[in-house]
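These are the structures in question, set out in turn.
In the two complexes below, chain A is the common chain; its partner is chain B in one and chain C in the other.
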Partner chain A sequence: MLDNLPVLSLITFTPLAGALLVLLLPGARTNWLRITAIIFTVIPLLLSLWLFASYQPSLGGGEYAEHSTWLQIPLNIEFFNPGEVSTLRLEFDYNLAVDGISMPMVLLTSIISVMSVLASVHIRKRWKTYYFLFLLLLTGIYGVFLARDLILFFVFFEVTLIPMFFLIGIWGYYDREKAATRFLIYNGLGSAAMLLSFLIIIATLGFSTTDGMNLAFSGNYDVLLSNLADPNAFANVDSANSRYLGIFLSDNARWTAFVLLLIAFGIKIPIFPFHTWMLKVHTEAPPAVVMIHSGILLKMGVYGLIRFVLFLFPDQMHSWATTLAVFGVINILYGAILACVQRDFKLVLAYSSISHMGIVLLGIASFEEVGLQGAIFQSVSHGLISALLFLIVGSLYERTNTTQLSELGGLAKTLPFMSGILLIAGLASLGLPGLSGFVGEFLSFMGLFGSMKILTAIGVLGILFAAVYVLRSILNMTYGPMPETFANLKDARFVEAFPMITLAAFIVLLGVYPSILTDLMQHGFNGLLEQIQTRMGG
Partner chain B sequence: MVSVQTLTWSDAWYLAPEIVLSAFAILLALLDLILPKRVNRNIIGWLTLAGLLVAAAFVVSLMVSLGGLTDTDSAPSTHSLLAGSYRIDDFGNLLKLVFLGSAAFIVFFSLGTVRDEDVPIKAELYYLILPAVLGAMVMSSSGDLITLFVGLELLSITSYILVATRKRSRLSSEAAFKYVVSGGVASAFILYGMSFLYGLTGSTNVGEIAQRLGTAVESAEALVYISFFLMIAGFAVKLALAPFHAWAADVYQGAPAPVTAFLAVVAKGAAFAMLYRIMINTAFLIPGTDSLISKDVVLGLSVLAAAAMIVGTAGALRQRNVKRLLALSGVANAGILLTPLTLNLTQVHASMFAEFLFFLIAYAFMNIGAFSVLTMVSKDAGNETLSGFAGLYHRAPWTAVAMTILLCSLAGLPVTGGFFGKLFILFGTIQSQVYWLGAILLATTVVSYAVYFSLIRQMYMRSGSTDSSLRLTLPAAVTIWVCAIATLGLGFFPVPILEGIKEIFAIPTDLLFLQG
Partner chain C sequence: MSTFFAEHAWLVPVFPFAAFAILTAMGKGLKRTGAWIGTIATFASFVLSLCIAAERLAGNSPDYSNQFEWIQVGSLQLHAGFEVTNLSTLMLVVVTLVGFLVNLYSQGYMKNDERISTFFAYVALFTSSMLALVLSDNLLTFYIFWELVGVCSFLLVGFWYQKPEAKAAAKKAFIVTRIGDLGLLIALLLLFWYMPGHALDFTALHNVFDTQSGTISEGITTLIALLIFLGAVGKSGQFPLHVWLPDAMEGPTPISALIHAATMVAAGVFLVARTFDIFEASQVAMTTVAIIGAFTAIFAATIGLAQNDIKRILAYSTVSQLGYMMLALGVGSVTGAMFHLFTHAFFKALLFLGAGSVIHSVHTQDIREMGGLGKKMKITAWTFGLGALALSGIPPFSGFWSKDAILTAALDDQPILFIVGAIAAFFTALYMARLYFLVFMGKPREGQHAKESPSVMTIPLIVLAILATVSGFVETPFNGWFGHWLTGDETEHGASGLVMVVSAAVGLLGLYIGWLMYVKGSIRRDAVSSRAPGLVTLLERKYYIDELYHWLFVKPLHGLGKALELFDEYVVDGIVRLSGYTVSGIGRLNSRLQNGQVQAYALTALIGIVILILAIAGRRFW
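Showing the complex of A and B:
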């Protein structure tokens, strides 16, 4: 049925169509706006479920790839010998594709976005603008996970930036404007580093010619990969000519591009010294937006790290594997220890996110298939768990007007359902077997254990701390003396309970039946890992 | 030596755009005298607009008749008058179109926006734009130091008057005075620098200077250095490049908004045109010498560009007055516009003019649009501070959206003209392996987010003192939206423009004065 349609484009641009439709609706009709937004987030969900069902991992998703030329910018070639060369172009393509790495991310995005749009019921003002920006943000996110052209990827990456700035700055809590600005500047710095690196790559690796007459600098990911693998490609041959023309990718240039990309995605993940912006966003943004932010946006960093850093610069990555693992361990322990002493539940969750993203780094640093699968699994799992946790935080805050641990207590009495879900999410977060958190952590640690035993051992300590901070804060909230003002609280309404149950169900599903995700990735990594191995071997 | 040539009637066709502008300027000045006082001076504004459009039409037909539009390589699409002192080529023609178009927009949005109590003699504001544009056109079309300088002075002197047209405003008079002094000093520097070139080569024709400079460098290298140093310093003042930018904020603040937009776009673009004309043909291509002078000039220009980006952005961070903020953002943008010129022509990088022109077009749209919004908002709020924008989204949502597009373009966010303009320039720096300049461009761009988003924050996240909706005059509304849509259009479809520039423009014939 859907075989002949450009499914990936549909997934990406359905939210944008919804956004434009929202603009046309009257602003006072809250229900219309809500329903439109829900419809236009559910459609991509259905499409990506269809994609998931029909996706055959062994084929690598090639049948869904979409390719068309987007920008072909002519460059002057007057100083080339006119007889030798007829055109020189700068080519940026509209390339979308899905594979074992993108697929889980797209699924995660579609699930969380629906839950988040349902949770947006707590948004109290300027609904029209809110839903417009929300849907625009989704188009950016889908685009990031599906784009296979450096500039297209960058454009989508930036498209997520602007709506997010508004979503934090308009609908956030007290210190929202500062949080929005900090978000913008930190991520802007990351994007700048990314763009510089991308352009270095395009000006070297992207240089290609089909017939010797028509030259092009291309941002096409497939072209880059094939140039990288081809020992005779211009970028890999250190001849006087290619060096003079600036298309030889020297070792120094490789390292520069590599480090710049590491910084770019490191800010997004976030890796330890770059994490302060993310704490602010977690505490100040409205919970529905934090669900997207913590659940999906941070994963764009992981995705970028694997897609661009790992696959374009495997040698550099390999020689920095230990460094990356050390940073991962720092993330794990720093996040976990600080989460133990926070007084605001939102900050506990923020630090816990830092800790969990550290585990992802360990998985990537392992250079083992198991570890890489673990990294992606952990990303998806953490996305679901933190989305669920912030969903509950949003509903709680609506009732109690606080997230300070000292002011909360005894909620299990009045809010038994929400407390139960909170406990499930907490247990998933601390890595209880049978829930998704365990699988991701286990795979990542197992992957790393082969090469770096001591670091793995230190990293595992994070799980101990996780138990401490999760149980400390959740028990504090659900048991103990209850402030009198909470006596009349009403438990979750259906519109709140539905996304909670759904997310919890996915967490349990991935916990008991992890192969639905790992199978997807197994074949996805097969070919790519071989490439890395041969290149590192050769 | 060159024998003296005079203009003949047959040359009139090539000079038609310039002649149209001169005629309109003179006639409109006379008309202003003759018309009785009760006649609304907007009529002069409309006639000015007509003059600019007629001149633009002549430029286009000249381009067609010279074959510039059809093919680049076969026919030399240039024509030179008066022994090469005036050149009709695609470099000049493309820039003339930008100048005429920008000026037309500026005049259009002033109609109905400029108030009598602010600018008492409105007609002056309109018809003085014509000689100013004429000056800019001469600057972009000359191949001779004298002609270039005449154009520069024509533009400068009319600009001094234009800045002072808010006769009752102390700020305006102060701005005009500062502009006269700094502009005069700059002109003196440029002229003094030119005199060295003349003294060493015995010619004021740029093409001839280019040929003889090689010998001059061997005999008196120091004097050539002094010459370029003086000229570059003078141009840096005209372009408001840091550290020669101090006048810009005061002058922009004091001048009426249309004039500010004019200075930011046309005057700046014209100074760039002149810089290209002189530098590319002399300093960059000195034949037969192993002197380091080319490299040093390039280095000097890149340092100026970097300084302008850094100082402009850093200065804009602390500004509360939006006009001054845009002035400093103009300083930073001048640095970006200068960047392509500092990337030496190499085999892989020959697109400097395309990069420059595309960003200039994007810059023109976003600046004119932003100044139009600012004019309407500040007129309503009674001041030009950031807080005047507070709550604009609630008062005029569509204007706020248009302004957001323009600001995103200024900040270089996709998908806007500003983004692609910066992207091409950046790619040029990478291709030429001038990584440090690219890194500074990117870093200052990120810092500039804070500048432009502080305006956006005011518009969307603060509440203003009033909730009554903001009234826009029709010309202003049209200008704002044309600029916003054009900015988006340049972002989504940059290729047609760049393809066009590539088709029309060819470095050997249009920029280099290769003789013989």
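Showing the complex of A and C:
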């Protein structure tokens, strides 16, 4: 039925269509705006569920791919000898594809975005602008996870920044503007680093020619990968008498591009010491936006790290594996210990995110299939868990007007449902088996343990601290005596309860039946890891 | 030779899980119907467990196991599965029987609690997880359910969530046992990487460590065994991780009986027994287990002497008795450990439920505020008395036989361990005598209108009292049936007249001194406290271990957290802000014409990136 449609494009651009439609609607009609936004986030959800169901990884990842030429920029060929070259151009393709690494991310995005749009019920002003930006942001995110061209990826990546800047700056809490600018500075720096690195890559690895006369620099990911694997590709041949001087990707250039990308995605993840911006966003942005931010946007960093750093620069990555693992362990422990002493629940969650993203780094540093799957699993799981936690934070704040731990207490009495869900989310966050968090952590640790035993063992300490900060904060809020002022609070309404139950259900599902995700990823790394290993061996 | 029931053993945990699901879904509307759903489900599990046991007793059925793929990663698979062996069958019966009796008892004990259906839901989830843990055929599945029983314990300790003490105790229980869990987790990782074929199932562990010893080096074997033991230490409340168990008494008393006496805390012992081949392959590990066990046995018994809360005395007693089980394992006697686990489950559950009956009646837990209850609560007093005799190791009650098995094994291995065990047995009898005589004998307190509990509570007491009395006869020095059935080993322990005499004598002596002190009065009650007040305070304060941990771990961690917070705020973020100001200062200079914020920051970003490129690229190229 859908086989003949460009599903990937539909997923990516449906929210954009929704955004444009929102612009046409009268701004006072809150319900219309809201329903439009819901519809245009539910459609990508249905499409990605369909994609998930019909995606047959055993048939190869290329089954769902869309390709067309997007930009062709002719370049000056005057400095070649006449007749030597007939055309020279930059080629940027509109290239979308899904594989075992993108698929989990797309699913995650589609699920969390629907829950987040439902949670946007707490947004109190300028609905039209809000939903417009929200939908625009989604297009950017889907694009990031589906794009297979460096420039296209970069464009989508930038598209996420601008709506996010305004979403934080307009609808956030007291210190929202500072948080928004902090967000922009850091991510702007990251983007600049990324762009520079991408240019280096396109200018070398992207160079190809079919007949020696028509030359092109391409950002197409497939071209990059095939050039990378081909020992005779121009970028890999260091010879002074090569016809195309300057195309060779020297070791130094590789390292530069590698480090730049590492910084770009490291800021996004975030890796210590680049994390302070994200604390601000966690505390100042409206909870519905933090659901997207913590649930999905941070995962763009992980995705980029795997897609572009690991797969394009495996040798550099491999020689830095220990460094990466050390940073992972720092993230885990630094985040966890700081989470133990926070007084604001949102900051507990922010530091806990840093800690959990550290586990992702361990999985990636492992260079084992188990670890890489663990890293992605952990990303998805953390996305669901932190989205759920911030969903609850949003609903709680509506009622109590505070997220300070010292001002909360005994909420289980008046809010038994929300407290129960909060406890489930907390237990998932501290890695209780049977819930998704455990699987991701376990696979990541398992992967890294093969090569770095001591580091892993130190990292495992993080799950002890996780128990401390999760129980300390959550029991502080829901257990103990209840302040008088909370005596008349009402438990979750349906519109709040529905996304809570849905997210909790996914967390349980992944915890009990992880194969649903791991089978998918199976075919994401298969070929690529082998490729890396053969090249590193050779 | 049939395995019909064994093949359906997976149903045993499913029944209570179904009850949990129903209770959770239907919520509070069920009230007391919910209690019955939980009770009936546990009863169904009990019947099925009995059928499995009968099947295995009838003929020498082969062990039955079944597994399915849980996660596949590349060529390697992680399995989930269950296995029915004699060891797991024994545990099934114990867990479902005590579980059923506790369910029944709770119908009375929790009758007026408005969250009764939540209570039964948690209990059902616990029972289900515990049964699944017992049935697990590999260490990963085992670990999963090991954590789940832990979280159920946490939920139930904190069941009365509005009490600050319950909140603190629940948190402590979870965090302290998690220290042990880390050990188990790392052991799991080690096994995963060192075992041939990444196998984690118990059969493969047995094969590698027992029959193909040498596959894994001795150092690694010791490390694995010690890490597994760390897990057991946490769960089974062994020194130095025992601190959570006495505090866990903040939970409802039936929970203390089920989770913190009979079943979950014994899971550590079960774990060591299940992976015993790894321990046997390492002498260091065995010695450690024996020493920790013996030390915990005597250490906790002495604390029990000076406590005044009826449940805490029993809690320290549990810690001490678990120490005996560990001691048995350390000296190589799986039979002794499992036998004591078996009898202890009955008599300790009995004692806790009896204590619950008392608390239910007089609404206090302080034994100094009780007295003369024997006359008013005849069934409770009688059954409690039988339990106390069994715990004190008085022949012919069950505790005597199992303790005898342990002491015999200890004497064979290392006489000093035997002496420690015997002294601990003396203290055990003494604190039980003190407890019993203060509560049930003497003059009734004025204003206390104690009356016997309803029959839904006393029937479980009677059943457990019978079991506490007779269950020891399955394994006596004259009849090694239990040990043979459990381990397939014919001659695990022979009769030792000396041990029997010493064991009975120290028990009787303890009771006698208690009687002299607390009934007859010929030894003054403050005989010790007046002469060595420091010693008594030391015991009352539990050797100041909690305080020690507070200063050793909690405070430094908090301090570290605060220091890092300052570091994060002023150093990490400070550098960011500083560079931000510098760059935006330059930016402002250069962009007076631009007044929009976004542009300013875009420029900032650009300049920043140039600096960054120079810093990085520059170092590489030049």
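Note that the second predicted complex is superposed on the first by the 534 of 538 C-alpha atoms of A that agree within 3 Å, B and C clash if a C-alpha of one lies under 4 Å from a C-alpha of the other, contacts with A are read in each partner's own complex, and residues count from 1 in each chain.
FYI, contacts are C-beta pairs under 8 Å (C-beta built on N, C-alpha and C of every residue); 3 or more make two chains touch, one makes a residue touch a chain.
Nothing here was measured: the structure is a model prediction, and the numbers come from that model.
*Asks:* Name the contact category of A:Gly188: first (chain B only), second (chain C only), both, or neither.
*Replies:* both
*Asks:* Of chain B and chain C, which one contacts the greater number of residues in chain A?
*Replies:* Of the two chains, more chain A residues are contacted by C.
*Asks:* Counting only touches as set out at the top, which of chain B and chain C does A:Phe153 meet: first, second, both, neither?
*Replies:* A:Phe153: touches no partner chain.
*Asks:* Please indicate which partner A:Phe313 is in contact with in the superposed arrangement: first for chain B, second for chain C, both, or neither.
*Replies:* In the superposed model, A:Phe313 contacts neither chain B nor chain C.
*Asks:* Just chain B (first), just chain C (second), both, or neither: which does A:Ala203 touch?
*Replies:* first
*Asks:* When the two structures are overlaid on chain A, which partner does A:Phe134 contact: first (chain B), second (chain C), both, or neither?
*Replies:* neither
*Asks:* Contact-wise, after the overlay, does A:Asn76 reach chain B, chain C, both or neither (first, second, both, neither)?
*Replies:* It touches chain B, and chain C stays clear.
*Asks:* Just to be sure I read the superposition right, which of the two partners does A:Leu475 touch: chain B = first, chain C = second, or both, or neither?
*Replies:* Only chain C is touched by A:Leu475; chain B is not.
*Asks:* Quick check on the superposed pair: does A:Pro514 touch chain B, chain C, both, or neither? Answer first, second, both or neither.
*Replies:* second
*Asks:* In the superposed arrangement, does A:Tyr55 touch chain B (first), chain C (second), both or neither?
*Replies:* Neither partner.
*Asks:* For chain A, what residues appear in both contact lists, the one with chain B and the one with chain C?
*Replies:* Overlap of chain B and chain C footprints on chain A: residues 165, 181, 184-185, 188-189, 191-193, 196, 256.
*Asks:* Provide the residue numbers of chain B that touch chain A in the complex, in ascending order.
*Replies:* 73, 345-348, 350-351, 354, 408, 413-415, 423-424, 426-427, 430-433, 435, 438-439, 442-443, 445-447, 449-450, 453, 456-457, 460-461, 494-495, 498-499, 502, 506-508
*Asks:* Okay, in this complex, where on chain C does chain A touch?
*Replies:* Going through chain C, the ones touching chain A are 69-74, 76, 143-145, 147-148, 151, 158, 161-162, 164, 166-167, 170-171, 174-175, 178-179, 182, 185-186, 189-190, 192-193, 557-558, 560-562, 564-565, 568, 572-573, 575-576, 580, 597-598, 601-602, 604-606, 608-609, 612-613, 616-617, 620-621.
*Asks:* If you look only at chain A, which of its residues touch chain C in the complex?
*Replies:* Within the complex, chain A contacts chain C at residues 165, 181, 184-185, 188-189, 191-193, 196, 252, 255-256, 259-260, 263, 272-273, 275-277, 334, 337-338, 340-342, 369-370, 373, 410, 412-413, 427, 432-434, 438-439, 442-443, 445-446, 449-450, 453, 456-457, 460-461, 463-464, 467-468, 471-472, 475, 478-482, 514-515, 518-519, 522, 526.
*Asks:* Along chain A, where are the residues that touch chain B in the complex?
*Replies:* My answer: residues 71-80, 82, 90, 151, 154-155, 158-159, 161-162, 165-166, 169-170, 176-177, 180-181, 184-185, 188-189, 191-193, 195-196, 199-200, 202-203, 217, 244-247, 256.
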